[in-house]
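The data blocks that follow each hold one structure.
You will see two complexes here that share chain A, one where it goes with chain B and one where it goes with chain C.
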Partner chain A sequence: MAKKNRNVGIVGIGQTEYSSHKEHQNQAEMVNEAVRYALEDANITLDDIDCVLHGNMELFEMVFQPDMWHSLGSGAYGKDQFRITTGGTTGASLVCAADNLVASGMYDVVMAIGMEKLQEGHTTGGITNMADPLWFRHLQTGALTATTATMMMDEFGEERAKKAAMKYRILMDKHACLNPRAHRRFGLEYEQADDLMNTSPQLVGELRLIHMCSQSDGACVMIFASEKKAKKMCKTPVWIRDHITVHREETFNNFGIEMPEMTHHYAARKLFERNGIKDPVEYFDVFEMYDPSAWWGLDWAREFLLLKDDEHIKLLEDGEFDLDGKLPINPSGGVTASNPIGATAMLRPAEAAMQLRGDAGPQQIKKKVKHALASGFGGTLWSVLMMLEKDLDWQEVENG
Partner chain B sequence: MAEYFGTAVEDIFNTMEERFLSEGTLDVDVTIGYNISGEGGGNWKVTIKEGTLKVEDADGEVTDCTAVLNANAETFVGVTLGKLDAGEAFSSGNIKVDGDLTVLVAILPKAFKPFKPVIKASAIVESVEERFLPEKAEGVDIKIGYDLSGDGGGQWTVVVKDQTCTLKEVLDDDCTVIMRMEAQVFVDLNQGKLDGGTAFSSGQVKVDGDIGVAGQSASLFEKYVAEGAAEEEGEELISLKCVPSINQRYATGPTMGKWFDGLKEKKFFASKCPQCGRTLVPPREICAQCRVRCNEFVEVGPDATVTLIDVVYYASPDPLTGKIRETPYTALFMVLDGVSRDESFAHDLNPKDIDRIKPGMKVRPVWAEKRMGTYRDLLYFEIAD
Partner chain C sequence: MKRVAVCAVAQHKCDSNIWHKRFQGMLLDVLEDIQKQTGMHFSEEGGVRSIVSASDDVFDARTISDNGITDVIGAHYREEEKMAQESLNALGYAMSIILSGHEDVVYVAGHCKESQGESRNVCTNLSYDPFYGRAMGLDYTNVAALQARAYMEKSGLTEEQMAKVVVRARQWAEKNPYANATEQVELGDVMYSPMLCDPIRTMHAYPVSDGAVVMLLASEERAHEFTDNPVWLTGFGSCMDSYFLGDRDLASNFALKQAAERAYKMAGVKDARKEIDLVEVMDCYAYQQPMWLEGLGFCGDGEGAKFIDEEGPAKYNVNLSGGMLAGNPIMTSGLYRMAEAVLQLKGDAGERQAADVNRAIAQSTTGGAGQFHTVVVLEK
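Moving on, here comes the complex of A and B:
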């Protein structure tokens, strides 16, 4: 595994509720709400924070240097602060950076803030700006694409693929309905699947409105501490075991006749290899995945869990991704339910850590949760994958 | 008549005529059907054609429509009033659209002013007991009669005595004052759209009895606020709207410069990695995999093999122009002849081929007459047969 100077524990988590509108508070006030919850959760004050990390996407709200404006709410005044803005992966990059900063010995306690108020801008317009202005920007439509839907229908047949994607979507809604903070809680039933498959408005090809993630307002804050401090200040710190960040797709050039290994697969293969994980479905007890659409969520389950052929669809069909299944996916409801983009990839390790602590609330998995996987996604299929542990007892694996 | 959020379904259709914005629909020719289920629902057919509007109560099934909207009455009214989130109603399937969704998204906001709930005179009078302010009525002993004619009108007597207020649905003979007017005038007065003095002097309001009492009676009651409007009126928070527009220019660098120069001559140039030999389209300065410069260019295409097809129905702004894109449009992924098999390239598809295009098909470029070295030097690709 990656060499770590010292272990890092997650000692505080704070989240606002997620919703399509938060006109009752401005950006700094929204940040402050999550900061207060996280400090309360860690039972510390701002005086205990050595360094603040801030992340969102300024193109969405068109506020440059938001870390500066938000310092009123973040409490970063007079403290070391860094801004991280890596698109969809921002939230996960914040957690990786916090881990690196604490593990390095640079700081003992680091607070990371992910936030977005998508209602204050235009999400799809903002995302489209990521594409090369000289060529692909003329064609890109934010994060909306049906390429995965098309490929899955081609591989598994139209009916099975559509049914599976809709089952995944309804499962996510069932989980979201348990999560009091989730933005979209429709109360969908499996009986509605056939109807929704045919009547939900098409966005792009077979990517329909119901499949796609929400546009949410909200903030998530996590506090990280060195092993020594974490054990002192927290009864149930959650340990960051390892994480990998993979940028392997140069542009949108990878839809050729032959497809390269997907970044998600590459990330999982490398991460599991260096941690000696042979069977991820068996090893992990929960997977919080950045699933921007039902099609992507289901397809990426195969990539991240190194599954073959239709194994991922079978696991879904057999209920193994349910809350009481072999490997529950997104007990929080995932990204199709709540998507405050700069916070979205942080919600994954945050919700996974709450599962490990056992205090996730109504969406808590009933059986024991010891090992968690969390992923982030952004840009041209960039990937962050992270392993969290309940106990500091994993086996070190020798590797180069 | 069933009401939702204080509004009946037919109120929305009955007000379409007055909310219609003909200048926004000069180039429009659509028929929208509405199947509204549940109490107070029904079928309507709305035809918008070159700046004209026709609203029909369609008995039974709506047919021959560009798009048909299906919803239950509560959802339909809620979304129209902005009480329910339209996006969520669509997403959850509470609103379903058969046919061309873009009609609703693109045309309706241009065609109609937003619906405002219809306030009825009867609703104002019938809420008088709730709005009564006893502390203002010390020593007051009066009977106010209302005789309101027309739609939503009626006759009432409001009795104020011993700091209590009672409403009777008859017009008593011994009223201190009786005010007679059209029901709509009464609504406008209460909504502050019409000045009381003006209404009186112009004869729109007739007062029998003690004119002074008529003038003072307003102070005995809280102002009438329509259901749903209350929150807005009480809202102190504001949001500011702005549309930033920024001119930007991007340098191509020599590699993309070579590509755009080629387009002027109807030629595609790929850069080639000297190490792994793969070709990059549009050309890139380096091979990211081998981390070496790619200084060699090879001519590729012009025909290509289709790999993936994204037909986009969702209308979003083009950040390069700020304009909302016309839908549907197609992002066509393809491999140009002579290019590495894992290297796709993307451009538009000729809209006439949307229904026929399939992966594996051969396509050819269609060039603009005038070529300036830009993306638009290519009109699109189309099926080569």
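Moving on, here comes the complex of A and C:
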């Protein structure tokens, strides 16, 4: 990556509560609630915003160009606006876009809005509709797949893999129970693991209902400003250090001699290399990961953190992903707790930024948080990975 | 400020029903075209690493429809963002990717096949809120009709003037190998064509169209790797108007004026009438050409109708591509507008080539009755 034209700070964050139903609000009203929280958080008004970014998936709610309608609540009236959608990664794509737009000098203050009201559509139908109508649609089952579960059981043995996935799930629920905005807060205990492993309804193979993410309604809004403005506006701006987006072709080609490199691994490899990060587990203080299911969350921890063999399972078993562990994962409860799809990938950097600011609320990590990692997932195994920093003191890497 | 170069463009010929090709195939054809022109590639070193696509899930009838084109836009293991909006916004975003220092070469790819749906009005009806607007049957055509009536009232625009716009569009379209509606017509053909949505007649409306356009953008330092003749992207602006029609003065051009002002300011344009040599506007309906030209500052408020009689469009080289009236798909029109402006500035516009074009603008709109507008300024 070339040197950034100018630094970009996160100066405001607003979230609605996440839930399965929001009958009291229409889409524009729900967006408006999060916009108000974000403006309040940044202590600014709409007049200070130069440009609005909007994202959600049209076919989930069946609204064509929903940003037009949502302008009633988004505050986009009279402003520049962009609408970017990339499936599950949408929220993270919006953060990357906001970083680019502010860093470019075209806009000083940009507000990004990720939203979804999944109650108003058919989520699994909507996701299935992403598959090619000629070749894959009759095979696809929304986002439900047990491939990773099967592969993990092959690699680590059925018992250890199942136990680990369930431990990950219960850990996420424990985090979610701390987060007042989280959608699903079951109050699960580790003693229930064996029971859940056998009694939770099977969706596909060993992917059980309890492992899977929710369908949520909600909106997340973030406000970004140039370094100069951010320092003026905000006592604790959080800095976007770098981000990478990696897509791949749509066919899930798992055949052949060699598995293709996961986009998660590719993204992490490239991003850490160009930023001189040798040991991500050591360097980062929190990782907000887009984990659509417990199986994927655990497996992807290995990919994103460039771990080998069963290192990720060991870290989990040793409690290192807990809130007081070496690298807490998803203090927010993650995606298995709350999943308003167009906002989900924005919740990751938003929650990570709140940890860096130190005002994440009950889920705040107790030790000092200086470096954060946040990921997005979407499309056909696409990844977005970004690094956030508390201080503007990182070293540029030559030829990074 | 650093400069952003448009190195090359490639357009797919528009047609009302490209039934024999999927949008993937159309994008592949334009990709091969632009690769031939520039030698661009997607290798890890020196290749394109950033792609901005522009399309719409409803028109594509696919959720995350950009996952179906990853391979044909070179996005495998690369960064790609989808502008789910009118395609000219993809240019603004691509521009920011380069100016931010994040990447220095960006490939922009837009497509839309209006023919896939039973009716494009069914798609645009979904833009209205499910409580009031949708049930009332609003879509982009009948909402435009309300605006057309308001504008006719304001400017005195007549049937004859609207017909003149269409006749001229077809004359230029005949010279454009990428245009859809090239059949030559006379004033009477337009004036007595069947009423589509009063006061919009069938021939006042752009034909259902399928198309795809791609462009290669690069930083000033790297543009020479792909072309000897770059065109510079120097201004960008967009603006959103209110959603409810009752909240707006439909004939006011509020959003377009703001968008134009921002783009002109970025490009340092003080007087559009003196400093701009060529204009491409997204005239989905005949009344929009004079109305948008008014919004862009080429004639005074409410003077668009008079401007037609004074041959203003000829004077400012308006829509030498034939414009939207000659048939481009709705989500991709902005890139077609821009492609024509780029070819004109490069001197590659063939039979349509205008003399002495140094600065051009491209405009696009989306939402009902021009709720949202985008303006781009390009220079030689």
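Assume the second predicted complex is superposed on the first by the 391 of 400 C-alpha atoms of A that agree within 3 Å, B and C clash if a C-alpha of one lies under 4 Å from a C-alpha of the other, contacts with A are read in each partner's own complex, and residues count from 1 in each chain.
In this text, a residue touches a chain if its C-beta (ideal position, glycine included) is under 8 Å from a C-beta of that chain, and two chains touch if they have at least 3 such contacts.
Bear in mind that the values here come from a model prediction, so they are computed numbers and not experimental data.
Output check: A:T263 vs chain B and chain C. Expected answer is one of first, second, both, neither. What do you get?
Once the two structures are laid over each other on A, A:T263 reaches chain C alone.
Kindly classify A:E250 by the partners it touches after superposition: chain B alone (first), chain C alone (second), both, or neither?
both
Have a look at where A:W394 lands relative to chain B and chain C in the superposition and call it first, second, both or neither.
Neither: A:W394 stays clear of chain B and chain C.
Figure out whether A:H122 sits in contact with chain B (first) or chain C (second), or with both, or with neither.
So A:H122 only meets chain B here.
Tell me the contact category for A:T380 with respect to chain B and chain C: first, second, both or neither.
A:T380: touches chain C, not chain B.
In the superposed arrangement, does A:S200 touch chain B (first), chain C (second), both or neither?
first
Looking at A:L144, would you say it contacts chain B, chain C, both, or neither? Reply first, second, both or neither.
After superposing on A, A:L144 lies in contact with chain B but is clear of chain C.
Please indicate which partner A:Y283 is in contact with in the superposed arrangement: first for chain B, second for chain C, both, or neither.
Neither partner.
Touch test for A:M62: chain B only (first), chain C only (second), both, or neither?
In the superposition, A:M62 touches chain B and chain C alike.
Which parts of chain A are in contact with chain B and also with chain C?
Touching chain B and chain C on chain A: residues 62, 129, 133, 250.
Which residues of chain A touch chain C in the complex?
Chain A residues touching chain C: 1-5, 26, 28, 52, 55, 57-60, 62-69, 71-72, 76-87, 93, 96-97, 99-106, 126-127, 129-130, 132-133, 244-250, 263, 266, 378-380, 382.
Along chain C, where are the residues that touch chain A in the complex?
1-2, 56-58, 61-68, 70-71, 75-85, 89, 92-93, 95-104, 123-131, 236-244, 254, 258-259, 262, 266, 366-368, 371-372
Touching chain B in the complex: which residues of chain A?
Per the touch definition, chain A meets chain B at residues 20, 23-24, 62, 122, 124-125, 128-129, 133-142, 144-147, 150-151, 154, 184, 186-188, 192, 195-196, 199-205, 209-210, 250-260.
Report the residues of chain B in contact with chain A in the complex, numbered from low to high.
Checking each residue of chain B against chain A gives 85, 87-88, 90-93, 96-98, 101, 237, 239, 244, 248, 250, 252, 256, 260, 280-282, 284, 288, 305, 307-314, 316-320, 325, 331, 333, 335, 340-348, 359, 375.
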